[in-house]
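These are the structures, in C-alpha cells.
One chain, chain A, appears in both complexes that follow, with chain B as partner in the first and chain C in the second.
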Partner chain A sequence: MWQTYRGLLVVSWREAMAFRAGLVVYLLSTVFPFVMLGVWLTVSRQTSPAGLDAEYFVAYYVVTAVVNQLTTVWVAYIWDREIRLGGLNARLLRPRDPVHHLLCQELCRRALAGSVGVAALVVLLVVVPGFRRPGSVAEAALAVLAVLAAFALKFLMASAISMLAFWLTQVGRIYMLWWGVGFFLSGWIAPLATLPEGLRSVAELSPFAATLATPVHALIGELPAAEALRLLGVAAVWILIFLVLYRVLWRAGLRRYDAVGS
Partner chain B sequence: MRNLRRTRDYLRMLRVFHRDSVRAEIAYRADFLAGLVMTLYWLAWAILGVALFYRFTDTILDWTFPEALTVLGMFFLMNGLRQFLVSPNLRQMAEHIRLGTLDYLLLKPASPQFLVSLRRFNPVLWPDLVLGLATAVTGAILYNGPPGVALLLLFAVTLIAAVLIVYALGLTLLSLLVWTVQADGLDDLITAVFEVGRFPVDFYGGFVARLFTFVLPVALLTTLPALALLSRLSLAGAGIAMAVAVIGLVLSSLLWRIALRSYAGASA
Partner chain C sequence: MPVITVRELTRHYRVRVSSEQRGLRRLLRSPMTTVPAVAGVSFSLEAGEIVGFVGPNGAGKTTVLKCLSGVLHPTSGTVEVLGHTPHHRHRDLLRRITLVMGQRNQLLWDLPTWDSFLANQAIYGLGKAEFQAAVEELTELLALGPVLRKPVRQLSLGERARCELAAAMLHRPAVLFLDEPTLGLDFDAQDAVRSFVRDYVARHGATVLLTSHYLDDITTLASRVMIIGSGRIAYDGTLTELVGVEDEERVLTVQLATAEPVVIPGVDALRQDGTTIVIRAPRDEASALAAHILNHYPVRDIAIAGPPLEDVLRKKITKAARS
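Showing the complex of A and B:
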C-alpha cells in the first residue's frame, strides 16, 4: 500500500505543479475573507460586536484564508464528472480503488496552494509579535490536528454527497445547497461568536464548524486544550459518519452502475 | 440614413445572438428552474450575511440596513450581468484563439469587436438580474418610500453607466486574452474584483475605498447606482459616472484595436 501511495503522490505532485502558473491568480482570487474583514473592522470601530476586537478579526480572517487554501477540496466535481460521463469505467479497470488517486491529487494540490499561505502566516507570526497564536506547543499540535481533521472531513463530505451521482444528475447543485448552510455554520461568513446564541451551539455540533471554525480558533489561540479536544471529538464522530456513508453509497452505487453499463 | 440602417442591423444581430443563446439552454429547462431556486437561495443567505452586521449596530457609517440591502441588490444585478455577458464571451474568445477560428470572424462584414463581445449570453442568469434589481428597489422603498420619476431617471443614468463599465471591463479582458490565451485566470480575477461590490464601498474605509472607486471602478457599479436609488446622489455624481463610463469605453476599444493589430492569426 505504501508503495502505491508513493507512486500516486509523485504523479499527483507533477500534476499539481503543471498548475503552478495559475497559482498566483488563484490565490489573488481569495478575496471574500478580506472583504468581510474590512467590514468587521469598520463595525468594530463603532462598537464591540459580540465582545470581539479588531485584533481578533484580523487574526480570524487571515487564518481563515490560509485554512481555506489548505482544506478546499475539488473532489466533488471530479467524482460527479467521472460518474456521470463514464470516466469511472477506465478507473475501475485499474486494480486499486480510484479514491486513493483522488486523495493523493487533492493532498498535492492543497500542499502547493497552501504553502504560500502557510509561508505568509509564518512570516506574520515572526514579524508581528502581537499576532494571535496558540498558547503552547500542545495547543499548536492540536491546531495542526484540527487542520488535518478539517481536510479529511471536507474530503469525505464531498465524496459521500458525490456518490448520489449514481442516482441523480444534479449533484453539483445539491453540493452547493449543502455548502450554502455550511458557509454560515462553518464560520466562513463570520466568526461563530457573532451568530445568535442558539445557532451557535447548532453550528458547533454540526459537521461544518470542524471544517473551518475549529482549526482557525485553534490556530489563533482561542481554544484551550480541553475545548479543542472536545471539538476534535465532534469532528472525529462526523469523520466516521461520513466515511461509513461514503463507503456504503459507493458499494450500492457501483452495483447500480454495473447494471446500467451491462 | 445609412447609420440608422446599420444600427438596425446590429440590433437585429444582437436579438439573433440572444435567441441563439437561449435555444442552446432551453434544452435544459429543468436546469433553468433549478438555477432560479439557487439564485433565491444565495440571495437569502447574502441578505442574512448583511443582517449579521446589523445585529450589533443600527447604522454602519450612516448606512442603515435597507440602504445596505439596496447595494446588495445592485451587487446581484451587476455580478449577474458579469456572468451573463462577460464570462460566456470570454470563454468563447479563448476557443476562437485556440482553434484559430478568430481568423474567420475577422473576415465577416461586421465589427469584430461586436462579434466577440456580444456574441454569447448566459440566459440562466436572468433570475439574478431581475431578483437583484427587485432587491435593490425593495431596499430603497424600505428606506424612503416609492421612488419618484426624477429619481428613477437619475438611477437609470447611473445604471446605464454601470452597464457600460461592465462592458468596457469585459472588452478589456477580451483584449488581454489575445496575449494570455487562458480565459480561466482572467475570469477568476474579475470575479474576485466584483466581490468587493457586495457592500457599500465606504465600509472598507480610506485607501481600499479609494482604490475601488478610482482605480478599479467597482464602487461605480454597485454603491453609486444604489445611492441614486436612495436619493443620496447629486446630479454631478451621475455625470461623473457617465463620464467614467464613456472614457472606459473609449480606452477599452482602443486597447481592443491594439490587441487585434498584434494578433498574428492562427495561419501565420
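Showing the complex of A and C:
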C-alpha cells in the first residue's frame, strides 16, 4: 500500500502543480474569515463578547483562514460528478479503491494551498512576537494533530455524504445544507465561546467543531493540552463514524450503481 | 476450461419517467420504471479467443461488458471471469482484466500520458522492470514514442485513443473487454488499434470480447461472433457459419462489351453503370441467370460471389434487433 501511495502522491503533486494558478485565485478569493473578522472587531469595539478582545479575534480569524486552506476538501463534488456522470466506471476497473487516489489528490492540493497560509503564519509569528501561539511543544504537536484530524474528518464527511449520489441526483445541495449547519457549529460565523453554554456544548460534541474551532484554538494557544485531548477524542469518534458510514454507503451504492456512460 | 462463463445474465435499470400526477404528489414521488437491458444471456469464452459482440445501439452490449468487468452488479444470473465473480471486485481479477470504453477516460487530462502511466503503475503495483518492459512493448506496438510527454489535452483524438489503450493495457491483462475501441478514429488509427489487438493476443494469448459498429473490426479480428438484440443473444457461432446461414443471395458482376441498357425480364435487382451491371439474385437462380446473360449479351467477363460479409452481418443484426 505504501508503494501505491508513494506513486499516487508523486502524480497528484504534479496535478496540483498543473492547477497552481487556479489554487492561487481560490486563495485570494477566500475573504470570508476576514469579513467575519471585520464584523467581530466592530462588535469588540463596543462590547467585550464572552470576555474576548480584539487581539483574540484577529488571531482567531487569521488562523481560521490558514486552517481553512489546509483542510478544505473538494472531494464531494468529485465523487458526485464521477457517480452521476459515470466517470467512476474507469476507476472501478482498477485494483485499488478509488478513494486512495482521491485522497492523494486532495492531500497534494491542500499541501500546495496550505503552504502559502503556513508560510504567512510563520512570518506573522516571527514579525509579531505577541501573536497568539501554542504555549508549549506538546500543545503545538496537538495543534498539528488537530489540523490533520480536521482534514481527515472533512474528507470522510464529504465522502460519506457524496455516496448519496448513488441514490440522488443533486447531492451537492445536501452537502451545502450540511455545511449550512456546519458554518454555525464549527465556529466560522462566531467563535464557540460566544455561543450560549448549551449550544456550545452541542457544537463541541458535533462533528463540526473538530473541523475548525478545535484546530484554530489549538493553534492560537487557547486550548490546554487536556482539553485538546478531549476534543481530539471527539474528533476521533466522528472520524470513525464517518469512515464506517462511508464504507457502508459505498458498498450499498455500488450494488445499485447504473454505470451510465461508456 | 472457459475463461468467461455467463449464465442467464439479466440486468435491469431503474429509470425515472415523467409523472402524470400533479401538485404535492408529483413533488414528493418520482415514478420509476424498470427497463430490462439484458435478459437471460448465456455464453462462454475459451482462453485465447477473440469474439466479436455486435448488435444495434441499446441492445445490451455495453451492459454485458460492464457486468463482466465488475462495474455493474447483475440483477440475476451468474458471471464468472478467470474464476472470480466480477462484481466482488477481487484485486486478483482486476489486475488481470481491462475494459476499454468508447469515451475513454483513463488518462489525467492536464498531465502528460506518462504521468497516467505512473499512476497506473502505482495502482496496479507494477515493479520497475515489469513497468519498463510493458511501456517499451506498448510504445512499440502503438507507436507512442513522441506523444507520451505531451499533455493529454493537447493530443489528437487518434493519439489519445492509442494512449488510452496503452494505459489500459499497462498491467498486461489476460482478458480484454473492448467496447468500441475504434470509435471516432480515422482509418489509419483504426488500423493501428486492430493491429495492436491482433499482435497483443498473438504475444500474450489473451482472451478478447470486442464490441464495435465498425464491422471491419469484427471481420478483421474475430473468428467467432455473438449477435445481441433486445438483450438476448440472437446468434453465437463462427463467422463462416454465419455467412453460410445467411448466404442465400448471390451477386453477379458482369462486364459487357457495350454500354447498351440491359433489361432482363423478371430481374428487378439490377444496377448498371456503363458497361458494368450488378445483379442480386437468389442462390439457386444465379447459375441459370448467368447462363441467360452469357447467351443473350456480349459478355467480356462475369463473376458470381456471395454478398459482402458486412452486408450479411448488417442484415443479421437488423433481424436480431427486430426479433
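The rule is short, and it goes like this: the second predicted complex is superposed on the first by the 257 of 262 C-alpha atoms of A that agree within 3 Å, B and C clash if a C-alpha of one lies under 4 Å from a C-alpha of the other, contacts with A are read in each partner's own complex, and residues count from 1 in each chain.
To be clear about the criterion, contacts are C-beta pairs under 8 Å (C-beta built on N, C-alpha and C of every residue); 3 or more make two chains touch, one makes a residue touch a chain.
All figures in this text were calculated on a predicted structure; none of them were measured in a lab.
> Tell me the contact category for A:255 with respect to chain B and chain C: first, second, both or neither.
Touch partner of A:255: chain C, not chain B.
> Considering only touches as defined above, state whether A:15 meets chain B (first), chain C (second), both or neither.
It touches chain C, and chain B stays clear.
> On the A-aligned overlay, A:101 touches which partner chain: chain B = first, chain C = second, or both, or neither?
It touches chain C, and chain B stays clear.
> Figure out whether A:90 sits in contact with chain B (first) or chain C (second), or with both, or with neither.
second
> Between chain B (first) and chain C (second), which does A:6 come into contact with in this model arrangement: first, second, both, or neither?
The answer is second: A:6 touches chain C but not chain B.
> Which of the residues in chain A come into contact with chain B in the complex?
22, 25-26, 28-32, 35, 38-43, 46-47, 49-50, 170, 173, 176-177, 180, 183-184, 189-190, 194-196
> Inside the complex, what are the residues of chain B that reach chain A?
34, 38, 41-42, 45, 48-49, 52-53, 55-57, 60-61, 182, 184-185, 188-189, 191-193, 195-196, 198-199, 203-205, 208
> Can you list the chain A residues touching chain C in their complex?
3-8, 10-11, 14-15, 18-19, 87, 89-90, 92-96, 100-101, 254-259, 261-262
> Chain A touches which residues of chain C in the complex?
Touching chain A: residues 13-14, 62, 66, 69-73, 87, 89, 91, 94-95, 97-99, 101-103, 105-106, 108, 110-111, 115-116, 118-125, 179-180 of chain C.
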